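In the two complexes that follow, chain A is the common piece, with chain B as its partner first and chain C second.
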Partner chain A sequence: MAIILSEMDKAFIGEIRERGGFDIRACVQCGKCAATCPLSLAGFPFYIKKLIHAIECGMREEIMEDPSMWACQSCNRCVEVCPQDVKPYEVLLALRRAAVRELSVPGNTIEGLRNYYKTGHAVYPKGYQAKRKAVGLSEEPPSTLSFPEMLEQLQEFLRNSELNEVGLFPMKKEEKK
Partner chain B sequence: MSKIGVYVCHCGENIAGAVDCKAVREYSESLPGVTVAREYLFMCSDPGQDIIKQDIKAGLVDRVVVAACTPRTHEAIFRKACEEGGINKYLCEMANVRDQDSWAHWHDKDGATLKARRLIRSAVAKANHLEPLMESSGDAIKSVMIVGGGVAGMFSALDLAEMGIQVYLVEKEPSIGGHMIKLDKTFPTMDCSACILTPKMVEVAQHPNIQLLSYSEVESVAGHVGDFKVTVKKKARYIDFDKCTGCGVCTEVCPSKVKNDYNYDMDTRKAAYIQFPQAVPKKAQIDSEHCLYFKSMAKTGKPACQICQKGIPAKKVAGCPANAINFGQKDEFVDLNVGAILLATGFKPMPKDPFKEYSPQSPNVVTAMEFERIISATGPTEGELQRPSDGTKPKSFAFVSCVGSRDKKHHTYCSKVCCMYMFKEARIVKEKYPDSEIYLFFIDVRTPGKDFDEFHTYCREMGMHVIKGSRVSAIDELPNGNLRVRGFDSDLGQAVEVEVNMAILATAIEPAAGTEEFARKFSLCQGAEGFLKEVHTKLYPVETSTKGVFLAGCIQGPKDIPESISQSRAAASAAAALLIPGKITFDPLISEVNADKCSGCGVCTPLCPYGAISMVGTNGDTRAQIESVLCTGCGVCAATCPSRAITLHGFSTEAVEAQIVTLARRYR
Partner chain C sequence: MKKVGFFIGCNTAFNRPDNEASVRYALPKLGVEIDNLDGQTCCPAFGTMPSIDDAAWAASSAWNLIIAEERGVDIVTTCGSCYGSLSESYHNLHDKPGMKDKVNEQLAKIGKQYKGTSKVRLLVNYLYNEIGLEAIKQAATINLNGLKVAVQPGCHTIWPSKAYYEGESDAFHPARLRELVEALGGSAPAYSRLTDCCGMGAMRSASPERSMILFKKKLETINAELAPDLIVTGCNSCLMQFDMSQDQLQKKGELESVVPAMHIMQLLAICLGADPKQMTAMSVQNMDEILNKICGVKI
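Moving on to the complex of A and B:
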């Protein structure tokens, strides 16, 4: 099926530029980023070069339905090599911001964010306390886990962020016991 | 017995890499007539040439054979060395052991060495028969005829005129200005085309050394470099050129409306018309094909209309206030005598009609040149952006590249300017109407040129959609007048479609109508693609095979404005370099008839491509005679003559036969 360009979402590129991908239009599709991008090496359909062009074409739905953007390894090579100074990784982050707004996020991302809100750690494996103790460390790491007041500050910060507006998971202020 | 010196050049590794130069030199020493044989790294360098000069001065050699590269680029250098050494410069022969041997047989060193011996042997055989020759010279008339008053012709004219050379500028249209004056803006600077060109047009018209022959065509040309005789037809304007003030009254009162070819038939003009508002010269003319006076005179013998001349007294409408209308005017023929001719007749953009897949029947599919007129302030809508089918303001546009270019069905070449003018036209629209949706379809974006790629990226940053990777396959006309453009986006790897209000075709640049006729009239070479051929693409880009005839602008191939101007000024300088010394030297390597041997059969006359041979004498006692200044030394006549009465100097029958016999002998 052909893509009908005139029926695509013409506002999409504007949104991406507002959300941080400001230099996207400088892209001439030279493909240097694609030649180094782990996404294209791994065979994801929307590697960074194509993502940029698809955003310019207004292909919001196609991009949102595809998992490629979440596979970005944040290696930042695309930014290093881009001859047009598009800062492709910034475009990708802007795209993720737009995706989160649409709740178009993978389940484990929501899980990670929930952990982050609750503990200050996105990745929170269980049962580490005993191992820490065995090697002579404190049971909890010297992070928000050890300093509840810091965690409170973080939660306050997150509640006031756009993440709360999006509503991926409830962020309630826990009543002090 | 002649004393021949053989000089074997290594040309760095170019020759020595395949040919055993030492062995070849030793072999050369054994050839009959050879007194000296030497080898050197670069014979064409100063020390290389000095070796030859010293041998001549020392009396060791009186003829020279250089075994090196091509005579096309290097013969003149070695001839000069011979002359400086003290012998006639035509006693020099070259064996092309690079192009014809080492390069061709790079992987067969033994074979290449044998072939080098053979080539040198045959050059030595020929050298034995060389004769000293003298150049002749003739006067050069310090004037130039330039054909074509577009931007190329105009800049050539101004440069030559500034150098004190009399210029005759012949333009077939009523006004000079060419295609450039029709453009709205020019890339990459976005200068208003008319604003930068109009002052130059006026300068051309007012320059004391330029005689402008507008609405004129070259009728015939004879003569030769330094002394061409040209007849120019000044087409009847039916309006007295000197009396006409360009006031435009005739164009207002004229009742006959005609399609306006200046605007590609997108609007109308009158039969009495001034080509465009800034025309130079600003004079009116009557298009006799559509004028009611001429039509009725042809039909009934009675004039049906003379309003431009007499007005309509009953309605108090006045006719020409300058009394300039002259229905009886005839074409006028002007004879010019010029030293050189410069051709700058430009190009024509392809029309849309041959491209049936792009719905040429839709008025909303236009060529880029037509679109240029649509957006131009002097265009059919006076700069108002309107869709041709319904006059509405279009909001979305598709630009289609390579229409007729890079296409074996039409033209194999790249028209070179289309990518840039597509961006330029899109930018004009986008700057005026930022809400416009613009889709540009390219096979690939080609923007080499000063500040060109920056222009391209700027356009992208303006928010234009650039679709690369395919030629548009089809444009379909939709019931609402819109167009569906179908292409393939290689960046997406997917077929794409777009519905737009207007589609603009970047049609190819073609040689102007009549280019072929020019080629014939001036004995010039025409390339397969129809443009006229320069002598050498790199070294002699403005010279032609006819000495004294130069090329400038798109007659030689597609070019943008900066390139056309560069070339036109180069051509002007080449023409000036030829004429300013006042004398022109003629090569002695030309054919001559031995009247005693000539039987007067006349076989040679029609074969000469330069029309240099005529039959002279009366009462059956005619002999062929060659006009030496027209002869280029091609040798067709000498090869044809059944009586062997024609000698091509430098290539006498004896010399060529000696060369062939030696070449054909078995390897030793």
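Moving on to the complex of A and C:
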């Protein structure tokens, strides 16, 4: 694949800076983050150093089509070692935020967000009640699952948040039965 | 009596409630009362609100922080990811210019306000700094008698160190989990990949095969350098990875023998006299042999 730099998306880096990756321009591609990034160690094509380089080159499509950004472990090793204080993980989050607005999102991410809206929990596996009971705990944890009026309040907050703006799934107020 | 707000987190509540039960057993034994933080939610996980918007992330975490401050307690977590997300939000709320005002504007719509009076603490750090190794040693009724342990602190329990006000003094040579195991009578030597990622987390969802590359490398190093009796984690997600994935590798014929894994709170609860079977009831691995060894009797 030929990359013709003059045809790349020059506005891309501006969007990334606005969405949280403000210090991306301080990156000198030294590679300290790459040496410690789980994405690079596991063989993903776009680990954080390459993502930053690709954003600087305006390679929006190439990055969006690749699943690497969604495999980031959020481990923050890159933030810890970066000598330029780029805060690379914030660049990565900004990238995901840009992807979400193009609706370029993996199914399990949407599922997690939907669970969070519906229950207060992003991870919400079936059959947990029996497991909890087996170790002597209440079937429901003392979370929004046990306090419906607080769940309603959380949902109202989320309906007023950016989550509703991006429109990954319908977030209508449920009619009281 | 000391009091803390127990932030349970999704994976602990639903997948490893035995770890939750361990926290609920161990803390009161050490003189710490638990507040349930009624109405708590997801931290939120990194793949959710943090991947949508900066301020919405901080506001979602603030939901939980507010519950703690209304009760006048600090938050303790047993899960590294919850510790990470909540701590980064706390850090952003306090150190990012304008963030607190922006968040409070959002929260005002549901009649809430974030003040910033409750801190977020990992249980490893809470035990180490608040209870102390000596008090733990005194309270334990079981001594591990030199049991060899490989520790797995967990990425989110150490980095980014700037977000953790009571973090390890050397963020690339974490020592506290090793010292806690040693206080219980175990031996917990360092090994070369001690701070490597176990592969759990978003990567395991995105690509189980690639996640396994990291896991196998780490596990092979643990076995080659230490050949431990037990793996002890500081993070609930790492616990799940070491429990489930060894079993899967063995079934595929890629692993000869498995090393049992526990979270530090499970091991602590057992050493404080809890029912060892109940404290490890959700393990996929067979725990009989290691529990017999720890308890010194057949259980």
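Just a few scattered comments:
Definition applied: the second predicted complex is superposed on the first by the 177 of 177 C-alpha atoms of A that agree within 3 Å, B and C clash if a C-alpha of one lies under 4 Å from a C-alpha of the other, contacts with A are read in each partner's own complex, and residues count from 1 in each chain.
Just so we're on the same page, a contact is a pair of C-beta atoms (placed from the backbone, for glycine too) under 8 Å apart; a residue touches a chain by one contact, two chains touch by 3 or more.
In this text the structure is predicted, and so the values were computed from the model without any measurement.
When the two structures are aligned on the shared chain, A:K49 is found in touch with chain B, with no touch to chain C.
Within the superposed three-chain model, A:C57 lies in touch with chain B and out of touch with chain C [touch as defined at top].
When the two complexes are superposed, the chain touching more residues of chain A, out of chain B and chain C, is C. When the two complexes are overlaid on their common chain A, residue A:S6 makes contact with chain B while staying clear of chain C.
By the touch criterion stated above, A:R96 is placed in contact with chain C alone, chain B being left untouched. Once the two complexes are laid over each other on the shared chain, residue contacts for A:C27 go to chain B alone; chain C is not touched.
After overlaying the two complexes on the shared chain, residue contacts for A:M150 are found with chain C alone; chain B is out of touch. After overlaying the two complexes on the shared chain, residue contacts for A:A122 are found with chain C alone; chain B is out of touch. Looking at chain A, you'll find no residue that touches chain B in one structure and chain C in the other. For chain C in complex with chain A, the residues that touch the partner chain are 8, 10-11, 13-15, 17-18, 20-21, 24, 36-42, 44-56, 59-60, 63, 81, 84, 106-107, 109-110, 112, 155-156, 159-163, 171-172, 197, 199, 201-203, 205-207, 210-211, 213-214, 217, 278-279, 281-282. Those residues of chain A that touch chain C in the shared complex are 19-20, 38-39, 41-44, 67, 70-77, 79-80, 89, 93, 96-97, 100, 106, 108-109, 112-113, 116, 120-125, 128, 131-132, 134-137, 141-144, 146-147, 150, 153-154, 156-157, 160-163, 166. If you check the complex, the residues on chain A that touch chain B are 1-7, 10, 13, 25-29, 49-50, 53-54, 56-57, 59, 84. Within the complex formed with chain A, the chain B residues making contact are 396, 437, 439, 445, 456-457, 460-463, 465-468, 486, 489, 491-500.
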